[in-house]
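Each chain carries a letter (A, B, C, D, E and F) given by its place in the written order, and its residues are counted from 1.
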């Protein structure tokens, strides 16, 4: 999930442009044109930091100097300085809120993702924790990147990178089996096929029809264990990947992770993430002596 | 905060485009070209609905027929059908996630906003509840619109619509008084001037320098009461608006609202909103008999 | 009204792109690839210069070196050199017309704005001179910025930064009073409310309903004086701002400014501005000795 | 200069979007959602109308019904109704200013263009009146289209559609002759070659080097007559086109047109055009009885 | 690879906009405003048609009526009418070239793709024919869609939908084995891993390190057979997919397809496709009797 | 056809963005963040190189260092190194395919163009070789620029730069004569008028009606010679330009060029160009020792 800076820059500048509107009227009136400032971005609470790369790209595109003091994915304590920025005061104060919104949201997502993974790792399980496409609308890139920074699995990046046959597809087609077979016949060799099943009975059908991954949707942990047992009986366990999804929360994630599935996925890490509290503090400021312009 | 549909449509289609990428490969393989479907959007939990207008604009721009069953701002119980959609099955399934992400996020924000306001109204207080610019990056319009739908105050829509002198502006300039005076001298007659103060002592300075609104930043409820008393003593209470901001949460909001301030503002309703659980269910589907194309 | 350079750059490059089309065919044929040139931008007539900041951002984004010899808002005589530019000859000649169009239009607006203000200041009046939203379509930012540079008031920057209830709003709602009251009930605390009145009788209604600013639309100077007298009688003069608008020209502006209004606004400074005559002259040119590439 | 509506629509919607910002806050508060209105666009002064086509495309893209009562290029008296619009009140009031700005500017340009042409035609001259590329920045399409509507010649539409060797090109290359020859050797067969000359002496050089059009830049009418005589002596008059440019105004245009040139071009019709006074008046309004949504 | 029309429309209109520039000057001068026309798009040579869906979306977005007479993927003989279009003459003539360029290029690609596949199917082989990312720059969507329409495999749609470790990645990392293992450890469960090998020796290493697909790059048919034999000896044949790539042409494709690989991929079907000859012919035209506007 | 780099950059980055999607997942997993690399772009076959300027602009916009080893238009042998690039490894590998696609396509077009021109020059003819607007959709700029680099004539750059009355225009209007006369009456003095004729008989009509250029469409070489003779008889040969178009290929181009026409135009050099084989090879790579960020 590497984007050349220039491509990322465009996405980030669009966010800034919305926030600026016709211009920052306060800064224009309060801050003289040639003032320069040094500031620090500070974590006000502990967490896993994400968005440092994005922040740097945004700030540098505005002509500011940036030194990142932590790397994406690093866990920090409250009061930790994350980044030093220096340059034109007006520019810094105009970008402040957009900058903090990016780091706060992404770090909030990375933090909850990491916490869930650590819970699972402490139980000595290897189950992956994945997000879904339930993100803030338009923030697919930032939200998925933050999950990745937290150690999670991004799942599909959008609708073109894996086949995922969902309940509504199946309802149109008629059955899990028919849907998977139709896809298997025409799909590009480059793509995996995942299918959502809502009944234990459909698990075998899905595997036999040629699915690479089975999403066990809204199953209880017990139902999943039953599905695992069926696959083991048929010597199919381990031949396909199993993903548990739906109804999984921070509270019950361990129960799901213990069932033998390869992946647990949950939407709350992106759709309901709590932003990490981050602020920007001035450490030095001075009016420029430059004249003319 | 009225946007002609065509302008909104563009913002919404950009969200969809990101999610689609080079195309929905699953739907292309599973669903035949001329199938049509009727679906309902269903609230899976109770809350205040927002985003119905945006959803309708997005769907109609794609050639789908839409009937909204509830209006923005309406409070619904779980299982309530919000919207009927009919038209091309492939289009419906490709837009499903973007559609739900919009309604879920906006309804989540409207729901928590309404809840806080009702808490305050039950205590028979008229204090306004406002959001801040701490939104998901790039979602200023959607997030502010959702707050409005929930009954809250949008505060600044971006950096050009009111003067808000913040701590960092003051640090560059030297003092609250100096900052406000500088602004007052040059500001457009069309704009209000708000200034953030962090010390009780600065409240009077701010008012005397010509501020229209005082933001009491990170004050305890007790400090605010002290500030109110000072203003009353000087017969200035009621001449300026008072906004309490910083550290306000669902738990302590009533204490703040009771101090005599006009507005309490808090970022968690936008920056850390829990998405409302919404889903899309097929009610009827059929293959088209149209041939040729 | 401060925009970070990168955001402004995008607006300015779009202007250039329209003018270039598929490429400058003349320059491509006449000027060899590695030629470099030094040029000066010269005022051909006296006036108040605006657009220097925008020009610099545009030129630097193209890789040219720029030295501004005057600042925005400075008054210059004919023949004054405003700016030195050096760099790739092809680039300079391709951007020449877009560059001059920006400075010419903005300086034309700044010049007429300043002239009107000076007329008023000479009469020892403090009345503000504001523009309206009657600008060249799509040039809201440039035109308003030029007014500001000339010393004028920008009035609303677009439709989201102040409430301005116009004649057509009132016609739909029924009365000035009803319109203002409706707004007052629901408006964000961050916004001022202005209302347009066309009858002297409505001035008091507007104030009593809660307007912050009264726009006296198409009033004669005598009618305005009558309105001022009424407000004074009610001890309301000074409690609201008064804006005279409609029918105001360079000729009669002093009569209006003398009535006691706070602001006179007129559209001709933006909608019918005469461009200042500006040209670009080569001071040094040489073919590059660079070979290969 | 025909643009399919959909392509024009995009340019026009961008103008509207700038003016709307995050939304029309006044209309949102004052006008209820389902109100519909009928309005007329009225000329407040006499002139040649332009921009009707653009206006219609913009309005129809917003879902409004439009009936144009005059055609582009028609001359109207004051008080003439130009257009009827009906539909959603909020949309009409939000687009009002952008709509009027387009028609006002374009009609202003068409009016002055037509006036100059009529002056020349009354003198029974066939000289064409052309604009230059000195337009409001970014408004090349609208300004040129308005000149065309007024009966003028658009000259170059941008930098790719004709060769025009200007003074600065010549200064880099060394001489008119050298510049024209260089171009003639490599130019596409599809393009005409025009060259700017500042000395009578260069006219013959330019023709002999292969120019199709000679721009006589900043010549007095007498100098032009001298140039014409030289060409006639050499039996070259009529073999190339002659354009007089620079210093031409409404006052002296007839003197220039009488010299025997084919074209007179002047920038003031686009760069310093006075907007025609146009307004929008409500003729009928009603709240919708539609409920729900 | 299904894109909702509105998303596709935007891509297609951008192509049209580039071709139109500031407007179709010929059509504007020759064709009167209210003329309507019926035309047919005709195949001038036989082939497999692609781009009908894209063409329809583009034309309908311009307000034209369209009837497709053949479906994407249909094979036609010369002189076959593909599509009827009716509507505004100016619009039809302005879009003609862009329309034909889309259908010509896409049909050219579909035709050569189909031809290669039929060659292979006639030999009773099931080998898939895939394209690569060697497309006309910026035409990834259209070119891949055309391959699909011809019956080919799209391979990666862009850089985010499968892991493909190429020679240059391996050169940086050091070895096929190390590269595959690094990826396997961190890759999303949703993605397949393909690796390019240039030596027969590396095939086993790649499989053992965990690759899902092996690209045999620039192997001769004999080398591929050797690699297949090695895999069979190790009972690994059939456990991974094999793709032959590099140096494959219409001439030798059968030799490669016969080696036992699953996929043959070649760039010439997209990078060097011959456009199918398609034209647009008027069948009926009439001036509109509509007056005024 | 000179575009300032910044304008070109935008077009080129859009191509890259399509290819990257949500990010290069392979490079992100395989290549560590601070690795730097030196690479060379190598011609794998001989040809005329084009796209070096575009490539350099794209790469430099991504922060890479570039040294072009050949200039646009230079003819090279196989194995020739065209360009050295150094910088961030991830960025280089992510842009590799887009970069090569640009150079390959443009060089393929330049190579075939040059070959045809040399064929004609060897026969000591001066006939120009022009392309048409039959390009890859959306690639008008790149394809025309490549033709120019190969020594060809770009013909119209889009629909606004010359009048070209085609068969379909004539069918609507009624006759060649009527179409040309209509245009001649209203056309801008800045534009040439070309008209397509399909019958020898129409050639004189076209010239007499005022056309500057006659396109002899789908004429055999013999028919063209007949047309030339007619013009000579009327002493009109040499007064207008003659373009042969339609049915011209690499095989018969000499026959057409020998007929006395000024220009031969053919679509296959752009619409069916074979991409030149170009590759990118790493010459040096190292992990950065930079830590932190």
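As a working rule, a residue touches a chain if its C-beta (ideal position, glycine included) is under 8 Å from a C-beta of that chain, and two chains touch if they have at least 3 such contacts.
Model, not experiment: these values are computed from the prediction.
Asker: Show me the overlap between the contact partners of chain B and those of chain E.
Answerer: The shared contacts of chain B and chain E, listed by label, come to A, C, D, F.
Asker: What is the chain whose Cα centre is as far as it gets from that of chain A?
Answerer: Most remote chain from chain A, centroid-wise, comes out as D.
Asker: Pick same or different for copies chain D and chain F, depending on whether their interface residues overlap by over half.
Answerer: same
Asker: Count the C-beta contact pairs for A-D and for A-E, then tell me which is higher.
Answerer: The comparison resolves to A-E.
Asker: Measuring from the mean C-alpha position of chain A to the mean C-alpha position of chain F, what distance in angstrom results?
Answerer: So the centre of chain A lies 43 Å away from the centre of chain F.
Asker: Which integer distance in Å separates the CA centroid of chain E from that of chain F?
Answerer: 22
Asker: In chain A, which residues are in touch with two or more of the other chains?
Answerer: If we look for residues of chain A contacting two or more partner chains, we find 1, 20-25, 27, 31, 94, 140-141, 157-158, 160-162, 188, 191.
Asker: Touch graph across the chains, line, ring, star, complete or other?
Answerer: complete
Asker: Note which residues of chain C are touching chain E in the complex, please.
Answerer: The touching residues are 21-22.
Asker: Which of the residues in chain E come into contact with chain F in the complex?
Answerer: 14-15, 18-27, 29-31, 35, 37, 39, 89, 93-94, 96-98, 100-102, 104-105, 108, 133-142, 157-166, 168-169, 171-173, 179, 182-183, 186-188, 191, 267-268, 271-275, 280-282, 285
Asker: Give the list of chain D residues in touch with chain E in this complex.
Answerer: Those in contact with chain E are residues 1-7, 10, 52, 56, 67-71, 140-141, 144-145, 157-158, 160-161.
Asker: Hey, which residues of chain B end up touching chain E in the complex?
Answerer: Contacts found on chain B: 13, 16-17, 20-25, 27-28, 31, 61-63, 90-91, 94-95, 292-293.
Asker: Which residues of chain E touch chain A once you look at their complex with the stated criterion?
Answerer: Within the complex, chain E contacts chain A at residues 1, 128, 130, 153-158, 160-162, 188-192, 194, 213, 241, 243, 262-263.
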